[in-house]
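Working notes for the structure below.
As written, the chain order gives the labels A, B and C, with residue 1 at the start of each chain.
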């Protein structure tokens, strides 16, 4: 395959990465934006989403699409519930102190990872894709399912944007993000908003995982790499900014796909991580986002 | 020497003396464990200086430990340097890295500082794989016994190893004691408590924080270099994020901003994992649960609580 | 009388908010000067610019003949400018003694004072009436005593210019009288720049008053002149004057 088509293929791969990354980073970004805390266990919610998707799919026989769709609904709900419990039991008791929360979520990371290892095991297991349609480009065939991931992600992003920008729930979330005390003074149940946002963030990560698991397997260690990439996206895009997150996810995902295809994946990660650390050092508000209050 | 200072010095000398005695009394298995714990406790003490006393929570200290580890390991393995030179190389690497990282990372605070340090450490970790031609990545380097001789003594011999670890541990323990009781140490605490106020009292808080970062980095590098020399293995795992989280756990458990807390925390956690490992392989669960419980109910850790309730003069 | 502090066209914009607008200000050595004005007049922003807590958008600051516009705050403190925070900012978890000792330590290191740390610290604590509370954690002191501790820390720096930002806020009448006595003593060795809302304190202490409004200086003069000024009455004393 010559350079042009190779680049196109790498770009498509990058777009798939971006699609999944955008959802996961959005979850992280929302949690930071509204609650002002960093959830280091976010990658584990992602992993749980994938593992639970495998479990649900394994319970259902018949056409793989049934198992998959069931997983797409059930897995995020379970992960959201777990996140809710963690929020109520731990985060709330810490009063959302930023440093204590990070330490606690690190603890949560270890617990969830260990539970996955114990009950799911160290193996990587695949989930069957709901359909197997190959889209035929002039130079190569490409998985139709992968393209549908992009579409699904766009759909979820649009729904999230709509909820944030146009509904009352979204307004309540944005008010709490902007000024917690005033929001409370207006009778907004900040505690419940926080619980809801934390659960929502986890669910977005789980959805991302369910989407990706048919093409990459579910493994108990799969949460760390996407977590770091999500950090990178959120920092570059500006914490709490939806538009910034999407733009950054596109940037990171596509360039990661291209660099990985033409150079070594390790080098890609090194460059990306270093670049982002520098951004954070010199421009704490990210490249796109506005200075957080 | 005032009464309080006398008590403090006696306490620390007592701890060293007790460890010295244990060197002759402990059975073989625990002997080796304690040697390892002492070296890791040095790592924890370096971390404590920045986290406990200055209030800067870094999630990237694995890179300083590894700078010492690889600094010593690489020159010994590839260049044939002797142990003393290797140790010095490890220290130099740690100091240089800490200076650069400090100049960059100290421009941020709070959560951003945590993330930035974590990212720099991640870059370091990835570099150990990228240059696996020299580092052998995950497999790591095994240092031959012949290279691990210091002043005619064989460092791989259990007793020599134990005493060498104890010697370094004693030096670092008294060094940190000296630092925290000095003017500079009080300024670090002031920065932790209220940085804006400290600036307005005329202190250059950036310079103070940078100095603390470099000292912390050197101490952690000393631990890393010692680990390479005493246990003969240099590998990528030590640069991984787990080794940035463990010192945080050890310090929190033992008591942040206490001189003896880091050692206590390292000792306790090592044995806790050891004991649970014999029943179940779920040691990560122990670590995770410990972190959560500590931060929820015992943020001051063991010695921190002891100091608050009973022994006010504990440094 | 020598000029200790001068600002030229000092300006500070916060995004769209013009907090301090081209202020020309001059302070003689040995004065007790009060800055008064309605809330939002820019008083705290102005003194924050002087002591270096915030950076000016434009303009310059000269202290004792030296241009300090770009100098970081901690170096200005070493030159002799001390600031007590408007919102009490002591080391709550440290004892009152340790609070003052941190300031005294700096003074001795810079050579601005003589003697030993303990002596200097206790001297300042005695002067502010906090000597018998020296061992208590600063956070457990009453609000009024925490304000005094702020002043004590400022004193321990042996400054040439002591800036007090609303120091009597929250103090009882008795405490205020004691405070005013203390300021008169301090003024023997240092120049005092005082932001205050309490008019009795202002009229009783200040030799000259600067009135600020909306980021600029509205009027300057002796207490009598200010009291008589119609412009000031309109802007500040407002509805009460009628």
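Following the convention adopted for this analysis, a contact is a pair of C-beta atoms (placed from the backbone, for glycine too) under 8 Å apart; a residue touches a chain by one contact, two chains touch by 3 or more.
Note that the coordinates shown come from a computational prediction; the quantities given were computed from them, not determined experimentally.
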Which pairing of chains accounts for the highest number of C-beta contacts?
A-B
Among all chains, which one's averaged Cα position is nearest the averaged Cα position of every protein chain shown?
B
Approximately how many whole Å separate the CA-defined centres of chain B and chain C?
44
When the centre of a chain is set as the mean of its C-alpha atoms, what distance in Å lies between chain A and chain C?
51
Distance in whole angstrom between the CA centres of chain A and chain B is 34
Tell me, which parts of chain B touch chain C in their complex?
183, 186-187, 189-190, 193-194, 196-205
What residues of chain A sit close enough to touch chain B in their complex?
38, 90, 93-94, 98-100, 102-104, 106-115, 117-118, 224, 228, 231, 235, 264, 266-267, 269-270, 273-274, 276-278, 280-282, 284
Residue set of chain C touching chain B in the complex reads 51, 53, 72-75, 77-78, 82-83, 85, 89-94, 98, 101-103, 105-106, 109-110, 153, 157
Provide the residue numbers of chain B that touch chain A in the complex, in ascending order.
57, 59, 104-105, 107-108, 110-112, 114-116, 119-120, 122-123, 126-127, 129-130, 241, 245, 248, 252, 282-285, 287-292, 294-296, 299
